[in-house]
Structure formats: structure tokens, C-alpha cells
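Working notes, structure below.
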Amino acid sequence: MYFASDNWAGVHPRVADSLSRHSGGFASAYGTSDLDRAVEDRFNAIFEREVAVFFVGTGTAANALALAAINRPGGVTLCHREAHMIEDECGAPEYFTGGARLHPVDGRPGVSAVGKMDPARLARELNRFPPDFVHAGQPMAVSITQATEAGTVHTLTEIAEISAIAKARGLPLHMDGARFANALVALGCTPADMTWKAGVDIVSFGATKNGCWCAEALVFLDPAQARQLPYIRKRAAQLFSKTRFMAAQFDAYLQDDVWLENARHANALAARLAALFRQADGIRLLWEPQANEVFPVMTSERMAQFEAAGAKFYPWNAPHGLEDMIGENERLARFVTSFATTDDHIDAIAALI
Amino acid sequence: MYFASDNWAGVHPRVADSLSRHSGGFASAYGTSDLDRAVEDRFNAIFEREVAVFFVGTGTAANALALAAINRPGGVTLCHREAHMIEDECGAPEYFTGGARLHPVDGRPGVSAVGKMDPARLARELNRFPPDFVHAGQPMAVSITQATEAGTVHTLTEIAEISAIAKARGLPLHMDGARFANALVALGCTPADMTWKAGVDIVSFGATKNGCWCAEALVFLDPAQARQLPYIRKRAAQLFSKTRFMAAQFDAYLQDDVWLENARHANALAARLAALFRQADGIRLLWEPQANEVFPVMTSERMAQFEAAGAKFYPWNAPHGLEDMIGENERLARFVTSFATTDDHIDAIAALI
Amino acid sequence: MYFASDNWAGVHPRVADSLSRHSGGFASAYGTSDLDRAVEDRFNAIFEREVAVFFVGTGTAANALALAAINRPGGVTLCHREAHMIEDECGAPEYFTGGARLHPVDGRPGVSAVGKMDPARLARELNRFPPDFVHAGQPMAVSITQATEAGTVHTLTEIAEISAIAKARGLPLHMDGARFANALVALGCTPADMTWKAGVDIVSFGATKNGCWCAEALVFLDPAQARQLPYIRKRAAQLFSKTRFMAAQFDAYLQDDVWLENARHANALAARLAALFRQADGIRLLWEPQANEVFPVMTSERMAQFEAAGAKFYPWNAPHGLEDMIGENERLARFVTSFATTDDHIDAIAALI
Amino acid sequence: MYFASDNWAGVHPRVADSLSRHSGGFASAYGTSDLDRAVEDRFNAIFEREVAVFFVGTGTAANALALAAINRPGGVTLCHREAHMIEDECGAPEYFTGGARLHPVDGRPGVSAVGKMDPARLARELNRFPPDFVHAGQPMAVSITQATEAGTVHTLTEIAEISAIAKARGLPLHMDGARFANALVALGCTPADMTWKAGVDIVSFGATKNGCWCAEALVFLDPAQARQLPYIRKRAAQLFSKTRFMAAQFDAYLQDDVWLENARHANALAARLAALFRQADGIRLLWEPQANEVFPVMTSERMAQFEAAGAKFYPWNAPHGLEDMIGENERLARFVTSFATTDDHIDAIAALI
């Protein structure tokens, strides 16, 4: 019953095989091997255009270097109040940008859009930064998370609305795609649909949580905007020498729809889990999962029972604005599924309920 | 004939096996799994004391975070003029420290100590920073590379002398051990001898070049000095989620002397290669290799012949002070051996000569 | 009718005289002249203990260097949502700390405490940072503004409550005293009362707004905590060479209660202005001024009339939580008085009303 | 006998008067007053073209912000080995650029060009940075000091040669003009000649040492390159509120050739002093002063006699490469003259000799 995080899983067997297969022989280092090139081409194919791809070691690195690449003096990036960048990266975005600020934007009130940036509020917050008013600093980017930290997914229309507001101020739109694949299969669209066709400029493309060991990619939809990235990545200690170890992971991950199947599997099990919670006595869902994370509300006693039975999951802070929907003796919990979650894990939860 | 760098090799079969073996199942993330703990214990055993170990993704990260941990305002780290930190890390040490400076110290003149820091010159350079003279900044650390970028190795006495000078100014001594194992077997001493017994405080412990994919460790010999490291590493985007992928590499690497055998093998082949060059017509060695790098001087034509025959190696800048020992039509080259180099590669070079 | 800001004034005649008096002759530079020392002693006297004083050029520099001095990796400083640090310093605190974050804490709801940090909310926000939870970063300081950006003043009890919460987490308390003197005379207490006796550790001591050209001081109540400040200040380009020009300003400013008289004058005129607004038809005060800033609400037409008549002041954003108290056709304005404001200016406003 | 530094002087009487004159009344803040604008126009006139001017508080700030404005990831600025930026700014350039590096370039060997960058060596050092070789970082600027730290002055031809080499690599040329006026009158040319006509792009224009309290300007010869400067300056805590206090200094300084007369006076007295040293028994000049600094070599005893007699000056490190020209019992000293130095001071030295 491992639901603590999708990063408690190991790697998909085909990723493991690929690593073994590429472990021998010699290859040029620092991203210049044939395999590196082949994987870069695969990214072009997936995004249906020529993109610039940079492998990095962690999702935090991808996010932080994305911002470092588009930084401005006194720069401010607008993102959701509960974005991973703000809550869970120990200040890495600020550190790598030399002090750029993350400015929180809330979602719409209520549970209908938990975790998602509200275009109207984005527009309002941008008004706090009049052009040439040097004291407030200057907006440099908008960033959204897809799927969100709350397991919800921005629709293509929502992304396009946010992008339009950003573009009206000349700002690039970044997408933190630590769970890119989970969102993609939830929407049933193409990577092109979910990114450049909707106005996204830069993607942190995560593969680690969905079947790899350590494989993240920073993708610039317009390669011309990535000219300084080779230096930005090396300076950030994110240029690995034996890069084929990452390329080998991506190679297997992106072949034969492994990545999409993994995500579909995880999302489906999350839906099964949600159905269980919805029907259980004394357990509620404040909002419906759209990807691979489920957030049940239950009493502390119930939570302790789960834990005592060996279920691994985390208690979670209530999203801003929903604090009052959780009773005095209740807690919010987060259950995450992954490619490695099996029906057995869900059955075990069912048995507990 | 792959001699371009030891990072052109893949991974040792036992490292590959270990990764496969650990690829399934669930384990807690961010350095908290049982395997992570077991490998940390192994480091304690290797260093014969309790140390604080932090896995990071690249050698540049290890060096940069070491300095970030001991940084001071206006801080200056004294290192060899041709240290990797200065020449090959794209300013990462300065970036991660928010602008600390690397101050070059030369070695003794001549070929007898190429690549090695001269204690006398270290002392002289430190005098440029009188206590409380705010304009010059303040020394914060001394850093040496072991084995050096020139393939030489500081003796235990030399390390102790350098440490004594550093300690007299209250400065910690850092060792860039990207080729730690190669130096260790060259000296025939223990890790304890080469580090804390000789006055070293912090080690960048490299394993990538000597048989792993991506496995570097930042080792603080005194854990009390590493209290902020968990935050420093996370902020630097170097806290991997599925850390067992690194632990699995180290686990195999450090068992049954795999790491030492790999290094002995690489050093022995370098010695064989050096012997070939020494006896070859029209090829000279300015200094003798002590680890796994050999630097022959040859004519440009000769170099072109090697390249045409498929030998992979890099032309190299002459070490400072030795420029005049290389003739107008001559070039310096660097040949690196690794655990994966075979006698066949050396034989092929012999055939060319 | 100059009410745009207290920094539109020039300098007090005694400050001007002091500068003239010290403009000749030779004196050692970089804070080492006899006059520098004499002014440092005066700070000791004012604070009734030995303090460490560092002159800097701007209030932003004082705030940013205060944080740079107490910075930690992944560091987070908790301050009011509308603190000057967040709203008006173009990211300088983040920049000088290499990316430390400012975490907003609201005041109590309603107008009773506008601009002031609520101890209860401070405690709640600190709970978001569990010890050793590396992902969230770590609190490094609490900062309050005194007088606040809303022209209100924390009572000594409030400061002590905030300090107690900070101290319980081992955090220093910083006070942004850009309008230190205005708050001091409002409370009728001593500098010692308002700082170390209430648990304040570091003060940005502003004099520019209250009668100087360019005279700010960073004051550490415990000199032992300021050991790195000489390097921090020099590295930040805030060590002036001819420091006596700042010392000369402070010398006059702190003599014969010039600074306190200036602040009393400004506060008294603000009170007169507030009384006028309170009685005016169609003008309201949402809260009462406690120092030298008055925030009337009026219609846009009324505001335009004031401007057409030559009154200088700024429209102002509604404090968070009070947006709904301002009607559709209304605006909030900020009027600031200073030592240089005269009764004539107030009479002119009275005539307009 | 005050020869320690030109920053031991106070301010020129006309600068003092100007400050007094502007000390009353109200003016808009942050560089927007009429006086600010008038002084900016004067800079346009002096440079014979439209320039972008930014007042900052210290020469270190001007240098550091110049580099911050033209920074690149992994950026390297080439400057003289003994440039003020390297030796005397406590790492401010690295700090404000988030870790850009200063790469030392020597002058020509011997005393003929002490303190001056050698174009040939500049070209050679630039070759260490092949295009797109990410490991070494990338050159971002060349910086020269005029007059140099050794009191010498680059000729217009030398500046043009250096600029040509920089431009061939697409690099801007910065001039640290802490003693701009002293160099200008030494060359007998116009500000336009010494800057943009010779290929200089950015100037740190110093006035503090030559008659002001605290008045430095960062001048971009091409305003289009300065678009981010307002944010860069504010973020760096260098946007003063009552900027007219700086404008008032510049206003007097730049009128009626005050600045040029001050510099001529200082240079003339330095020449008189040099003549005295040249003829004195047991005192030597290794090179001739070209601006307002004189560097005699004398025995330690002689130096002690000067000090005992009340002469203020500093012992100085021998320039790199000239160490052997100073005997075992000898020391190098630095004597600096300024606008405030009088013939009496020189006569007193003559009497001592």
C-alpha cells in the first residue's frame, strides 16, 4: 500500500533494460553521444516541431533553470500560491535566479478549481506591476503546474487564457510538467496541443515520477530562446558527463507509448481509489482527482488506522481557502498512484475500508 | 582507442547489475531508504570515522556545494591555477557561492610538481589578505585536486603541509577527488590517511569516472560542519528523489574493492601507455603520470596521424610555466585511461607507434 | 502642498550646516575618522548599550544587508504582506541574500491593525516550516516595519509578542525603521524600549526621510552578531569612502533632539491633516494615523481637484482585506508630512476642503 | 602631509556651496527632479552625444552594476591583474553579477607599462575561451582602469587597440574611471576622445575622489544598452531617494571646469612630488607618474622616518613582475595627491628629504 509519492517507485522494466543495454562501450560525453542526439530527435517528433531539449537531474533543476533563462532584474514570476516552486523547492528558483521572486496567484474560490491558476486573478495581480515602476520590480514569467499539486488538470482553454494574459504583457508561459504525462492522458490531447498550441513556451518535462530513475528535461518550444542554456546548465552543475544514462532512460520511456501507458495506469488506479473513498463511510473527497493524486478527508482516528495497517501516504495541508471545509477532528491526506501501483494495492485499501 | 576522457566509459558490470537489482519495489525517497543508509554506513567504514555524506549528481556540484557550505562574505578560495574549479566548471563555484572568488596559486616551477599546489606559494598568496582588511575580501578555504588535472598526485606530506598553512589561518581544506581512487591506489594508503589524517576537511568523492553512471558524494569528515548541507543541497536542486539509484551504484562500487581494482587497472594501463610514449621516436613526456592520465608531446603531424587512425584524445593547453618546453610545431595531448580501457586499446596505440 | 513623500524634502538646516562645517580638511576614509567614531558613540548612548553601527546609503540597503547578515540556505523571512521589503524594494532583499524568500504574514482583519503583523498569524505561518523539512526551506528571521507602511505603530506589547514567537523558533527580529523616529515619538518611549527591551535584534535606522540627505544606519543591538558586517557591507558596495559626509549628517541629526523634534513636528501636522479630512464632506479615513502618514478615501473627482490645485500626493493601493471598504468611484490616497512641512501646507489643504 | 588617498580630502568649496543651496524646498525623489534632469543634460554635453547616466553611491557600485548589466551565464570579464575590481572591492563585482569571474590579464613586462593592459596578452587570454566550449565559461566584457591603479594612463591608441580586440569577440569595453578626470587632463583630450571615439562602451565616472562627497555615475555611451539599468540599480539598493544631493554635487563639479582644474592641480602636485623623490638620496621611482599617484621605493627606515614626521601614505604591494626590482630592505610606497593637496604639503615633504 505505497501511496506516499510516485517517487517511491523504482523504474519501469523497459527503462531498467535500456540502462543495462547501454552500460558498456564508449561514447562521447556531455550530451554529444549518438544516443543523446536520437533522444533529442524523439522530442522533436513528440512535440511536432523542432524544440531545444536539455536533460537535467531533478524537477527542481528544470524549474529553476527555466526561470534562470528568462530572468530579469527585479524579476517576478507569477505562479499558483501552492505551486511546487513555492512550497517544495527550498528556494531553488530564487537561488538560481539570483533572487527573482515568486508571486502567488490564487485559484478561483471553492473546490471547482483547486490547484489551478485563475486567469482573472492573474490579470489583477499583474496590475500591481505598472510598467516602468521600478520599486515593485517587473514581471518576467507566468508559471503553471500541469497536472497541479492538487491532482487537477488545467483544460486547454484555461491554459490558452492564461497564456493570452501573459502574452499581453510580453511574458513567457512556463509549465511545470513534473506530471506532464498524467495530465496529457487525462486531457486526451497531444503534447503539441497542451503546450505550444495553447501558448506554452517552456516545459519542465518530468519522467522520473512516471517510470525513470532520474530523467528530467527542460524543453524550449522555441530553440532561439534557449541560446544561453548550455552555459546556464553547466554553471548550475546540471551538465552530466555520462549523459547517455539519461538518454537511455528517455529512449525506453518514450518508445512504444511506455510513458503514456504508465500514466494511464496510474490515473486509472487513482480513479479506482477515489471511487473507494467516495463510497466509504466517514471519508470524503472535497474534489475529484483528474490525474494520479487523490485527497481524501477523514478523521484522525481513521488516518491512524490506515497507517497502522501499513498504508503509506502523507497528511496534507488544506489548500488555501478550503481550510474551513475540514472539520476540527478531520485531516486531509494525499494518496498518489504510479506506474508501479498494482490492483493489489488498491484492493488492500478496499479491504481496510 | 578511447582515451578522450574516463567519462567516455559506461559503467562497471557490477554497477549495472546493482541498478537492475534495485529497480523494482518501493522505497522511501530523498535519501531516506534503507539502501541509502547502508551506503552511508559504508562511507563511515571506508573513512574509519563517522562522516556526513551527501550524494550529488556531478563533480561540479560536489565542489560548488562544498564551497557554498563554507562560504563567507567576500570569500576567497585558494586553489591551483589550473584547478578544474577554475578551468572547467563554467563558474559554478562562484555561482553557487553567490560570488566567492577562486584565487590561483601556482605550483613549484618546473615539471617536478606540475599540477600540484606549492605550500610556499600558498603561504605567500595568503599574505595578500591581511586580517580585517575589508577591501581584499577574506580567505575562506584552500582546495586541492587529488589526483591533479595533470595526472600527478600530492604526497601525504604535501597535503599535510598545505593543511598546516590553511589551519594557521583557520581555513578548511577541501579535496576535489574526482579521481580520488586513482590517487589512493597510487599512494597505496587508506582513505583516512589521504584525508583527515593529513588535515583534509571536506572531500568531493568522485565515482562517476571510475565505474559509475552518475555517483558523486560530498563528504564532510566532521559531520558537525555539515549541518546546513541538507538545505544547501536541496536549494541547489541536487536532492534527487529516487536516491537509491545513486546508492545502488555506490553499493556495488564500494564492495569487494571494485573501486580500487578499477583504479589500479586504469593507472596500470596509463603506465603502460607512458612507457610506450617514452620509447617512441618523436614523442616525449614532460612529466611522468602518477595516476590515469598521460600527457605526451608530439608534432602536429603525429597527432593528426593518431587521430586519423581513430585514436580519441584531446589536445591540451600547456601547463602554466611549461609553455616554452613545447616546440613551435609541437602540441601537448592528453590520454586518459579508465576501468574500461583494455590492453587491446594500448596495443593499438603501440601498433601505431 | 507637498505630501507625496517625506523624501521630497531637502535637509534640516542644522544638517546642512554640519556638512558645510566638515567639508574641509583631511580625514581618514572608510569609516575610520574621528567623527565616525564620535557618531558611533552617540548611537551607543541613544540605545543605552554598546551596539554595532554601519552607515549605508539607502533604507533598502539597510534592510537587505540586515537579511544578508542572518541568511541561511533556503532561508525565509516572515514579514507583513505589505512590507516595504516586499512591495517597494525591487527584490533587493532577495538579491542581496542570494535568493532568500520573503513570506507574507497578514495583520489582524479589519482596520484596527492595518499594516501591523498579527502575532497569531505569525505563529500559524511558522508552522508551515516544520524543523528539518528541507523542501519548504527554513525560517531565518522575522521583520516588522515601525512605523508601518500604513502609518500605524506597533505597541511595545505587540513587538514583544512578535519577538517571543520569533525567539521560540530561534529567529532574530529585525525592525525596518525607515520612520523610526516617527514611531518613537508616537509611542513616547526610548529607543531602548522600542528595540532590545522589546526583543528587537537588528534595526534599519532611517534618518533620510526625517531631515538628512542620505543617512541610514544598520544597527545590531548585539555587536557579536555583526562580525561579518564589515565584509558584507563592502561587498555590497555600501562602504563609502568619505564616510564623514554621513557621520556629519547623523552628528547634527542626533544632537539636541533635532531628530525627535522633526518627527514630532511631522506627526503633529499629520494629525492636523487627519482632522481636516475627518471633518470634510465626502472624505473619510478608514483608520487613524499614528505617525506621519494619512490615508484619506475620496472620490476620483475630489482627488483630481486636489491635484489640479497643486497638491502633491499619491493614489494608493487598498490594504489587503480592506478593498471592499472603498467604493467603486472612490480611491485611497496617501499624504505624508515631514520635518519640512509647514502649517501653510496644511492651511492650503484646509482651504481646498 | 596627507598623501594616503585622494579620498581623505573633503569636498571642493563650490560643491559644498551647491549642497547648501539645494538643501531647502521640495523636489520629486528618485532621480526625477529638475536638477537631476539638468545634470543628465550636462553629461550629454560633456560626452558630445546622448548618454544614459545613473548616479550611484560608490565607485565599487558603478563597476559592479556595469558588469551586472552586461552579464552572461558563466561570464568572464577580462581586466588587469591588479585592477581595483580584483584587488579592492571585496568581491563586489562577482557578488552583484551572481558569480561572474574576473580573469586577470597582465600588462607588458617591465616598468614601461605598469598597470596597463597589454593588447597582445588580452588577445592570448581570450583564446582560452573557444566559442561554445561550455566548460570554460564565456567572455562577457573587457574592463580597463583609467587612470590605472599604478597612476599610469592608457593612451588613446592603446584604448582603441584593446577595444578592437574586444569588439572582434563581440565584447563591450568598460572603463573604470574612478580617476577619469586625472587621466583626461593628462592626455589633454576630450571625454568623447577617451571613451566612445576610442571604443569604450560603459564608464564608471568618478567624482568623489576629485572634489565631491559621494558622487559617482554609471554612464552608458549607448542608452539602448541601459534599458534594464533602472531595475538593476534599484535592486542593488543604489537608487537614492533624495537624488538631488548627488545632482547638486555634480552640478557644481561639472561647471566652470571645476573638475578639470581639480585634476590638473592634483596631477601637477604629483609631478612636483615625483621630481622631489627622483632627486632624493636613497629614493627611487620605478616608473613615472602620469596622473595623481606617485610610487617611490625607499628603505624601511626611510619610510619610518616619513611616518614619524607625520606623513600619511600607504606601503604598497609591488606590481606583479616588478618584485625583484625592490631590494630586500626596500619598500614601495604610494603617495596620492588631490584637489585639496597644497604646495605646503609638498614643501613639507621636500623639507623631510
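For this structure, a couple of remarks:
To keep things simple, chains are lettered A, B, C and D as they appear, and every chain counts its residues starting from 1.
Convention: a residue touches a chain if its C-beta (ideal position, glycine included) is under 8 Å from a C-beta of that chain, and two chains touch if they have at least 3 such contacts.
Just so it is clear, the structure is predicted and the values come from calculations on it, not from any experiment.
Shared contacts of subunit A and subunit C, meaning chains that touch the two of them, come down to B, D. Of all the chains, the one whose CA centre sits at the greatest distance from that of subunit A is D. Contact count check for C-D and B-D (C-beta pairs in contact): higher for C-D. Between subunit C and subunit D, the centres computed from C-alpha atoms are 35 Å apart. Chain centres here are Cα means. That of subunit B falls 50 Å from that of subunit C.
Averaging C-alpha coordinates per chain places the centre of subunit B 40 Å away from that of subunit D. Annotation for subunit D: residues 30, 73-74, 89-91, 95-96, 98-99, 134-135, 137, 231, 234-235, 239 touch two or more other chains.
Listing the residues of subunit A that touch subunit C in their complex gives 73-76, 87-91, 93-102, 128, 134-137, 317. Residues 2, 4-5, 7-11, 13, 15-16, 19-20, 22-30, 56-61, 64, 89-92, 95-96, 98, 208-209, 213-214, 231, 234-242, 244-245, 312, 340 of subunit A touch subunit B in their complex.
Subunit D meets subunit A in the complex at residues 30, 68, 72-74, 98-99, 132, 134-135, 137-138, 228, 230-232, 234-235, 239.
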